[in-house]
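Supplied in structure tokens, the structure appears directly below.
Per-chain residue numbering starts at 1, and chain names A, B, C and D are given in the order in which the chains are listed.
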Amino acid sequence: MNSYGKLFRVTTFGESHGKALGVIVDGCPAGLKLDEAAVQTELARRKPGQSKITTQRKEEDQVEFLSGVFEGVTTGTPIGMVIFNTDQRSKDYSHIKDVFRPSHADYTFQEKYGVRDYRGGGRSSARETAARVAAGAIAKQFLKQLGINVHAYVSQVGAMKLSTPYQQLDLSTIDDTIVRCPDPAMAEQMIELIDQTRKNRDTIGGVVSAVIEGVPVGLGEPVFDKLHAELGKAMLSINAVKGFEYGSGFEGVEMLGSEHNDQFYSEDDQVKTKTNYSGGIQGGISNGEDIYFRVAFKPVATIMKDQQSIDAEGNEALVQGKGRHDPCVVPRAVPIVEAMAALVIADFYLRNQGSSLEKLI
Amino acid sequence: MNSYGKLFRVTTFGESHGKALGVIVDGCPAGLKLDEAAVQTELARRKPGQSKITTQRKEEDQVEFLSGVFEGVTTGTPIGMVIFNTDQRSKDYSHIKDVFRPSHADYTFQEKYGVRDYRGGGRSSARETAARVAAGAIAKQFLKQLGINVHAYVSQVGAMKLSTPYQQLDLSTIDDTIVRCPDPAMAEQMIELIDQTRKNRDTIGGVVSAVIEGVPVGLGEPVFDKLHAELGKAMLSINAVKGFEYGSGFEGVEMLGSEHNDQFYSEDDQVKTKTNYSGGIQGGISNGEDIYFRVAFKPVATIMKDQQSIDAEGNEALVQGKGRHDPCVVPRAVPIVEAMAALVIADFYLRNQGSSLEKLI
Amino acid sequence: MNSYGKLFRVTTFGESHGKALGVIVDGCPAGLKLDEAAVQTELARRKPGQSKITTQRKEEDQVEFLSGVFEGVTTGTPIGMVIFNTDQRSKDYSHIKDVFRPSHADYTFQEKYGVRDYRGGGRSSARETAARVAAGAIAKQFLKQLGINVHAYVSQVGAMKLSTPYQQLDLSTIDDTIVRCPDPAMAEQMIELIDQTRKNRDTIGGVVSAVIEGVPVGLGEPVFDKLHAELGKAMLSINAVKGFEYGSGFEGVEMLGSEHNDQFYSEDDQVKTKTNYSGGIQGGISNGEDIYFRVAFKPVATIMKDQQSIDAEGNEALVQGKGRHDPCVVPRAVPIVEAMAALVIADFYLRNQGSSLEKLI
Amino acid sequence: MNSYGKLFRVTTFGESHGKALGVIVDGCPAGLKLDEAAVQTELARRKPGQSKITTQRKEEDQVEFLSGVFEGVTTGTPIGMVIFNTDQRSKDYSHIKDVFRPSHADYTFQEKYGVRDYRGGGRSSARETAARVAAGAIAKQFLKQLGINVHAYVSQVGAMKLSTPYQQLDLSTIDDTIVRCPDPAMAEQMIELIDQTRKNRDTIGGVVSAVIEGVPVGLGEPVFDKLHAELGKAMLSINAVKGFEYGSGFEGVEMLGSEHNDQFYSEDDQVKTKTNYSGGIQGGISNGEDIYFRVAFKPVATIMKDQQSIDAEGNEALVQGKGRHDPCVVPRAVPIVEAMAALVIADFYLRNQGSSLEKLI
């Protein structure tokens, strides 16, 4: 439904053009000094209108804290946050009221629910992810106290692919370019490609890569709730995502076991692996190495070209190419990927406190 | 933990070399004529020793039904099934008692729990999936009553990739070859590659593709529990899986929106799409088209070569290349992928009965 | 945590003296014409200051709908509601900042979380139940469409106990008296008792009885999630509740099986029972008879007398008898009991759609 | 459904006259030395035929451990246990195949599922609680390591009520009498009453009281998952239970706030309360005092007298008074109450590890 997580649990609500979006963060441990400005900063990284390669819609995405924080510190009670919608120009959407936009959720919502809020996609709009980013920003602050850091960046736009391993990138520069790719030369080309696509009134897909540093050994469950299975679900739950791979991923398929196995060694009393095709996870449980993965985003379905479709009665209908939208979703998806990753890790951190009696006594 | 599903819910237990494996299927609707032989048939598709390209271990994997079925019909109460382990040759594993095998779960289990059943990987062994296959076989029988069918097949071994779209394959021939690839010529080559890899005392990865036909419109939840997000989690929870993509997947990244959008049309009062890059799911909800996806499996970590590693004290130790294992996991993974897919669909089928008031009154 | 329900699921947030209270109702079926005024009416039944026998605090408890409703109809997406706090006179509470009030949650919150919002009890305040009442009001509207009605009334205040069976009461008159007892003579005595208690600067306990009519046969799960077990949990989760009994309850203990068994008979093709000691539930599953139960509330812990206690350092400290509070909680608890009962029934209604294959095909 | 608990989670299966009962304990921390004999001892306390005041059916209830324990120690993986049914005399039950026994679950099961295993009540039989007792026995061993002990005893049979407070009873003598009442004189009278009832071919109700010592401060969640709400649900999920009260319970209703409030004081740097009407729980969270509660059991529905009823077609039918059953359920319910209480506390113990950041860093 609209909740994610077992012990660090978020529940979001709100439609694209309704009164407000919001989220409840339930289970955040008490005693965390909450940096509200940092939450706002994450929202700014996701908000529309932030650069020439994103949609030109304007939403301030100003978050209001309603509960769960007292004198600047979390109290262990649910943290309620709300973002009132300001740019509700509903008239923009009258042209899609009665028609199913291709590769959107119009048809499936209509069939599932019998009614739908057609304005801007309603609940199926990626606007919902603003609520996730706010929640994830809190998870990130929690993880920071535990020495865990989450980074995401754009590693591919269309066929333009950054093949440099993340270890050779300067992840502190991710936000230096508007496309959020930490390789400046590649970033420039990506920006150019997105801009050209926009001018062609079209859209294009991309890939967001992520790295999580500092995860202690032992997070994740051995069978159904493997750490990477939850990360995969979390990523696949983001709008427009079509694929997820971690560690060696789909490329690992072509490798031999003798190449792919990560050799253990011991250094300074710490167990490490010489390679990390495992992506920091073995048997569904973190092994202390960096966790890394890739997330595939399809081209945005809203394009500035007229498209043939049908209406709710099955009659042919034209979807007009107008409105404001992103030519490529990945630059704004970076904080969303980080947010969801942070939520997954925070949840397992709490769930896995009692895996052995020794830790409890 | 060790359960999957909300309303159609399975819980598995058992270690590779313990007394037994088992599974409880909770929430299977009453009144289903249960074909116990068909459950056994699915287990036979997964069991070791079934062909020259699988491990030569022998396990009969005979399932016993303990509850939930009365006079051949499900009663709505939990269906308990147990598979007693027969091939427990524990001595085989004494050589790994004190050493961490590369890219296995030995190290992470040891750190997480402080103890581990080292015999054959214990709980982290893919032997656990026998329990899933038994449960999935029941889900498949349930889905069949609803006109839903799940097929999986091997579409890649190492670099040898079947690029024929599934629509052009005869899915009824999947089990005709021991590698479970429905293209006979490709199957032969795959078998040869696996056999060669085995002779080299090595292992190799592969991809399993799946198709689900007959899913009605409306399954899945719009936000976190998107249908493909749950499918992704379910697949990523299978041992050795490194990636998941559905519909256009990672390749879709390189497409333009104008190419990728699936055009709606109406035929015989049914809404259809001309292409199906969406993979049968839009906004996380099934749209009535075929659902299809791909699952990447890494090369099996157990190889027949000696490997350098460390023991629990951090001392260098040799992992000897002996034992019996699969040179490539995908032929036996086919029924596991089908089982997990069936469990996901069955669960959503039950969860989504009440999405609109109209359906309830 | 702060959520209740599996498929009809509510999550509340907010502190007594924070910015706002709120609730998300997730899983309410689409297509329900939502009567927002009726939600407000339920809140008015719960709100402080409504009569001379309730606390004289003033809170308007005006609910705002933020999402999930479009053109007056539910859309199947989460319904977000918020109630901004207006009467935040925090200064009133400075006297309890450093002291643990007897039989309140001050001490347990402090120990569990290390911090607490001491203003008016913070999250442990019964003010949280306003959010439940708003959510329950929606559940009630959903149930009404299914022919199910929930009634609660005050059946005991202190030792003053209404022993008339509910069948002989006119449940439509519950709200006719400020104490919400449908026996006018008894109501008058109860009001007098509460008023006297208030004048004595003390508080007193009471019992709320409830009746649910029109529940179809088959709701509830046979083992852990028995219908009455969930009702019990829901009631015991209400502030100040100390006990729950349904059907014959604690009195049934003294009966013989031959007296207590409810004889089945058939009338107009309907199965009925001659007596209803079962309280409408057999084996954890509704049997079509009225469901009824009783809920015990302790005397409110806040009294207008000075009390001895300790502070966080363990030093003796005086809790001053001031502030505004209820002399008896049951009149305002009536809508809360109804709300929680409605949430339980709505949830089971959705969960139990697929208990047999016959219902699904 | 058939699972209980969030992190310490049990799932049971099995029918009264099926092949076997069983249970999976998922989430028990690794490293617990498991005393299998102690599990068997708990089962012996529950098993039929143990004394003249219980049913004379014979079931050995021999538990087999199938997984999750290695070299005598829990491994953190699910513990599978199975109890094969030996006394399956199904013929005994042919007389109830087509008739609905009064105050049993025959009718509700038939309506809910369309089919039912009528032999001995099938899944609705209290025989299912054997699985709970086995699981609870493991929870008790876990709690013992944490200094937590659970005791239950019979405090009422029919109108015969033990009013001595538990503090004045010697709880180590509970099992000294077959009725499990720690007051020898009262025990004798209870035994006499049960025996007389049995001779009258009738049954009678009773109350089980429970005390939990050593629970640390801070277990429980403030809102829906209050500690006593979960205890209440767990108790109400036991067959034949009609009511639950904790601390002052229903009697507390008649008290004044000034009497009922538990005064805090400090002793040896420990916070204590002078009285304990709160029953060890304040605001839903344990406060370190003893937790105590009472559970009401109705008279067993199976009696040795003929009763009028109807069959599935609505025709009048006679339920014959034969078979073997308990004249009073409470002596055998004592270990069940203890088991469920232990499961609740174990689950909260694991869930509440991360309530404050301070505990995590």
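The working rule: contacts are C-beta pairs under 8 Å (C-beta built on N, C-alpha and C of every residue); 3 or more make two chains touch, one makes a residue touch a chain.
For reference, the UniProt names are A, B, C, D = Chorismate synthase.
In this text, all values refer to a predicted model and were calculated from it rather than measured experimentally.
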Chains in simultaneous contact with subunit B (Chorismate synthase) and subunit C (Chorismate synthase): A, D
Higher-contact pair (C-beta pairs counted), A-D versus A-B: A-B
Chain centre separation in whole Å, for subunit C (Chorismate synthase) relative to subunit A (Chorismate synthase) (CA means): 38
Any idea how many Å lie between the Cα centroids of subunit A (Chorismate synthase) and subunit D (Chorismate synthase)? 45
Where the CA atoms of subunit A (Chorismate synthase) average out and where those of subunit B (Chorismate synthase) average out, how many Å apart are those spots? 26
At which residue positions does subunit A (Chorismate synthase) touch at least two other chains? 1-3, 7, 12, 27, 30-31, 76-77, 112-115, 123, 222, 355-356, 358
Hey, which residues of subunit B (Chorismate synthase) end up touching subunit A (Chorismate synthase) in the complex? 1-4, 12, 100, 102-105, 107-109, 111-115, 123-124, 128, 156, 158-159, 197, 202-207, 217-218, 220-226, 228-230, 232-234, 236-237, 242-250, 252-266, 269, 271, 273, 277-279, 282-287, 296-303, 305, 307-310, 314-316, 352, 355-356, 358
In the complex, subunit C (Chorismate synthase) touches subunit B (Chorismate synthase) at residues 6-7, 27, 29-32, 74, 76-77, 142, 145-146, 222, 349-351, 353-361
Hey, which residues of subunit D (Chorismate synthase) end up touching subunit B (Chorismate synthase) in the complex? 1-3, 7, 9, 11-15, 18-22, 24, 26-27, 30-31, 64-68, 70, 73-80, 82, 112-117, 122-123
